[in-house]
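I'd like to ask you about the structure that follows.
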Amino acid sequence: MSATNQPPLLDVRGLTTEFVTRTGAVAAVRNVSLSVRRGEKVAIVGESGCGKSTLALSILGLVDRPGRIAAGEVRLHGRNLVGLSEREMKKIRGNVVSLIFQDPMGALDPIQTVGAQLIDTLRRHQPSLSHKAARARAVELLREVEVPAAERRLDDYPHHYSGGMRQRVMIAIALANSPALIIADEPTTALDVTTQAQVLALLERVVANHGVAVLLITHNLGVVAEFCDGVQVMYAGRIVERGPTEAVLAKPTHPYTQALLESIPDPSRRGDRLRAIPGMPPDLSAMPTGCAFEPRCFHGHGREICRTRQPIPIAIETAGGPSLVECHFAAERAARAGEITAS
Amino acid sequence: MLRLISGRVATSLISLFGASLIAFVLLRLTPGDPARLFLGQFAGEDAVQALRAELGLDGSMFSQYLIYMQRFLSGDWGFSYSTGQSVAELLLARFPATVELGLFAFLFAFVAAVSCALISVYRRGPVSDGGARALSFFAQGVPPFWFGLMMLLVFFEGFGWLPGPEGRLGLRVIPPPTVTGLMTVDALLAGDWTAFKDAVRHLILPAVTLGLMPFGFLYRLLRANLEGVTREPFITVARGRGLTRWAAYVRHALPNAFLPTLTAAGLLFGQLLAGSVLVERVFVWPGAGALVTDGVLKQDFSVVQAFILLSAFLYVLTSLVVDILAALLDPRVAQSQGGGR
Amino acid sequence: MKRDWGRTALRRVWADKVFALALLIAALLILGPLLGPSLWPLSPLDMDFGAPLAAPSLAHPMGTDSNGRDVFARFLTGARISLAVGAVVVLAGLIVGGTIGVVAGLGGRIADSILMRLIDALAAFPPLILAMAVTVALGVGLKTAAIGIALSSVPFFARLMRGDILRIKTLPFVEASVAMGAKRSRIVGRHLLPHTTPTMLVQCASVFGYAILTLAGLGFIGLGAQIPEPEWGAMITDGLQYALTGQWWLALFPGLGVLLAVVAANLLADRLEETLNPRSARNQVR
C-alpha cells in the first residue's frame, strides 16, 4: 500500500460481462472497475451469485459463449487483455496471472497424475526446461506447499489427495511460473474449518515469500480481515463499496456492507441476535431501475431516489485512505458513523 | 481390480450360457430334420437314422444340448446343407474380409465421431450444432444396405470415382499372396502398391456404409459426454494454467469424455457385426456376412445358426475385454479396488 | 448483441421446426397408408405388363417394377406394413419387457437375478441377429420377423423399467405410502407405474424406429416379408439388381420411406426426452 504512485499491476475499467439467454442478455458483472498493485492483496466479497466468479473469469478471458465481455478493459501491466486471442492469452494465463479455483475436488483432471499436470504447467511456459528439470522443480513446488512425501506423491492421481492437499497442489500449480498475480476464487470454501485455516496460512506465507499480488474472491469476511489490504464489496454485479480493509470492516458505509457484517457471528456481540439480510438478491434479468439493494435496504427502503436512480460512487475519506461507496446517502451515513465512533 | 475382473468374467459366462441355451432352443424349433436336410430327400431312412445317431439327435434334450455345445466349442459347427462343406471352414475362409471391412468401418466411425463431437462442442454455434445433430439422426435412421446402394449410384454410376460392387479388388488387379488375409496389409507386405491402392479404393464405400450407424451412435454419446466434461472446473483450470481452449478440450476434455464411451464399444461391435450381414451383400463383399445372407437365400440355415451363436460369443467377449480395458485405463477404478489408499 | 439475439432465435426456430417436421412426417406416414389405398386407384399387386420398369411419371409417381406393378401403391402398402409391425413390436416389447422389469424391480433378489440373467442372455446377441435367429427358427415370414424384433426389444424395455422402478421405489412419497400401509397393488398402480411413463414413452418412440429399421433389414436379407409382398426392405432387395442398370426408383423410394419413418421416430423420442425428462443428462446439452 506504500507505493501509491506506482502504476497498477491490474487495472480493470468499466468491465461488463453478460450472458446471452433466450430471453435476452443478462449482465452478471456491471461496470466494474478495480485495480491491484504489485504485491497488493485485494478482496472481493459478496453473496454467492453476485458475479464475483464471473468477474474472476472475465479478467482471465475465460468466459465462454453464451457469456461475453460487453464493455470495459482489463489492463495488465498497462496492456488491455480484452479482445486478445486465445493464443495471446495462453501466454499470460498460468504465467503472469494464475488461477486458484474454488472446487479443489473438480479442479484437477482426474485421469492425469498430479505431477503430469504440474509439469505440464511448467513446461508450457518454460519450453527450454527439460522433463527431468521440470520434474525436480515440481517436487520443489510440492515441498513448498507442504505436501508430505512430495517425490512419491507426484505420481499419484488427484483422487488419492484429500481436499486440503488438492488445494495445496492448486497453489503449487499457481506458483509454478512465478506469476505477478494470483486470482484465488473461494480457495478455502469447500474445505473443513481446520484445513481452511491451514491452507489460508500457507497461501499467506507463499504469497509473502514470492511477493505475488492476490485478488481474493470470497464470501468470508473473516478471511478478508486477516488477509487483505483492500476490499471491494460486490452486490448484484456491481462494486458497491471499496476501500482499505480496516476502514470498510470497522465502519461500513454502504447499507449492504453493514448488513453483511451484522450477519456474521461476532464474539464481541454475544447474546445479540444474528441479523440475516431480508429478501433475496435481485433477479439479474429483471433489475430494479434504481439502487439494486433498495428492496432489501433498511436505510433507504421506500425512498423515492433509491427506487428511481442508480447511485453514483461517492468518495469518503477514511483513516486508511479513500473509500468509494455507491449509495445516495453515503456522505450522511459516513458522517453519522463517525459520530457514533466519536461518542 | 482382480475382483472386478473376475466378477465381470463370471457375468459374461452366465450370459453366454443363457445365450447358448436360447440358440439351442431356437435351433430345435427350426422346422425340418437336420439329418434329412443334409442328406437330401432321396436318401434312405437308414442313412438318415445313422446320421441322426451320429449327430446325437436321438438323445434327450439335455444330452443334445451337451453335444451341441461340445461340438460348437471344439469348432465343429456342422456342414452346409447345400455344398456339404464344413461350416467352420466356410466361415473362417470368409472371416478376414469381414474383419478388414469392420476395421476400416470402425476407423471411419471413430475418426468422424471424435472430430464431429469435438468441433460441434468447441464451436457452440447453432449452425454446427444443428448440422451435426442432423447428420447423427441421418446416420442412425438410414438403412445401411440402402445407403450403400445410393452411394454406389452416386460414386460409381454417377461420377465413376469409386469401383462398383465387385468385392475386394478390381478384376484386373492380381491379388497379393495371402499372409494375414487382410488385403491392404498383404498388399503392403508384398510391396504391391497398385494392389494396395485398389484395395483401399474398394474399401471406401463399404466401410463408410458399415461405419455410418456406429458413427451416429458414438457421436451422440461422445458429444453428450463432452458437453458435460467441458463444464467441469478442471477444464477452466487447465486453461488458467496456459492451455488454449482447444488444447484443454483435446488434452483434458476428450480423454475424460471418451473413457465412459468405452463400455458402449461392445454395442458398437454388435452394430458392426449385424451390419456386415446387411452391407456385404450390396458390395458383393466376400465376407462372413454375405455367407449368412447367401445361406438365407438358399434356405441353408446351418451357416446362419453357427453364425448366430458365434456372434453372441464374439459380442460378449468384446464387451468383456472393453470393460476390463476401460477399468484399467481409468485410474479411479484401477486403483480403487486393490493397492489404493 | 443483435447478432446473438438472431442466433438464439435461430436456435429456437430450428428446434421447433425440427419438431414440427417430425410430426409432419409422422402424420404423413400414418395418414398416407390409411387413406392412400382408397384414394390411389392402382393396387400394389396388379401387374401392367405393358409398362415394366417404367420411370417415375404422372401415372406412376414412383415408377413401376419389373412386373409393371405401381411402386407408389406398393410404397403406401409398405408403409402400412412397417407401421403395423412397429406398433406390434412396441406393444409386445413394452408389455413383456415392462412386466419383467417391474417384477425384477419389486420381486426381491431371487426373482430379480433370475429375470435379469434371462435378459442378459437375450442381450448377449446383437439385436438384429437375435431377431434373425428367431425368424429362422420359427419359419421365414413377416409375422415371425415381428416376433423376433419384439423379442430383441424386450431387453431395452426390461432394463429401463427395472432401473426406473428401483429409482422411484426409494423416493420419499413412495416410502411414505408404504409406511402408511397402502396395498402393494395400489402402490404399483398409483405411484410406480405412472412415474415410469416419461421414460417408457421415450423408449416406445425409439423402439418404434428400431423396429421399422430392423424389419427392413430382415426383409432385405430375405427373412421378412416375401416377394411380392410390398414390404420396404424386400422392395429394396428387389430394386438391388436394377439399381445399377438405370432403374434407381425401385430401391430409392422404399429406402427413403424407412429413413423418414425412423428419423421421425427418433426425433420424437429426442424431443419427448427433452420435454418429459428435462433433468436427464442428455438434456444438459441445450
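In this document, chain identifiers A, B and C correspond to the written order of the chains, with residue numbering beginning at 1 in each.
Note that in this section contacts are C-beta pairs under 8 Å (C-beta built on N, C-alpha and C of every residue); 3 or more make two chains touch, one makes a residue touch a chain.
Quantities reported herein were computed from a predicted structural model and do not represent experimental measurements.
*Asks:* Go ahead and name the chain pair joined by the largest number of contacting C-beta pairs.
*Replies:* Per chain pair, the contact count peaks at B-C.
*Asks:* Relative to chain C, which chain's C-alpha centre is the most remote?
*Replies:* Most remote chain from chain C, centroid-wise, comes out as A.
*Asks:* If you average the CA atoms of chain A and of chain C, how far apart do the two points sit, in angstrom?
*Replies:* About 54 Å separates the centre of chain A from that of chain C.
*Asks:* Cα centroid separation between chain B and chain C, in whole Å?
*Replies:* Spacing between the chain centres: roughly 23 Å.
*Asks:* List, in ascending order, every residue of chain B touching at least 2 other chains.
*Replies:* Within chain B, no residue contacts more than one other chain.
*Asks:* Could you list the positions in chain C whose residues touch two or more of the other chains?
*Replies:* Touching at least two other chains: 7, 11.
*Asks:* If I count partner chains per residue in chain A, which residues reach a count of at least 2?
*Replies:* As it turns out, chain A has residues touching two or more other chains at 66.
*Asks:* Write out the stretch or stretches of chain C touching chain B in their complex.
*Replies:* 7, 10-11, 14, 117-118, 120-129, 132-134, 136-140, 209, 213, 216-217, 220-223, 233, 236, 239-240, 243-244, 248, 251-252, 254-255, 258-259, 262-263, 266-267, 281-282, 284-285
*Asks:* Which positions of chain B touch chain A when the two form their complex?
*Replies:* Answer in residue numbers: 124, 232-234, 236-247, 252, 255-256, 259, 329-332, 335-336, 340-341.
*Asks:* Touching residues of chain B toward chain C in the complex: what are they?
*Replies:* Result: residues 11, 14-19, 21-23, 25-27, 29-31, 125-126, 129-130, 137-138, 140-147, 149-150, 152-153, 156-157, 164-165, 223-224, 227-228, 270-271, 273-274, 277-278, 281-282, 292-293, 296-297, 301, 304-305, 307-308, 311-312, 315-316 of chain B touch chain C.
*Asks:* Hey, which residues of chain A end up touching chain B in the complex?
*Replies:* Those residues of chain A that touch chain B are 57, 60, 62, 64-66, 86-87, 89-91, 93-95, 98-99, 101-103, 106-113, 117, 120-121, 124-125, 157, 159-160, 170, 173, 177.
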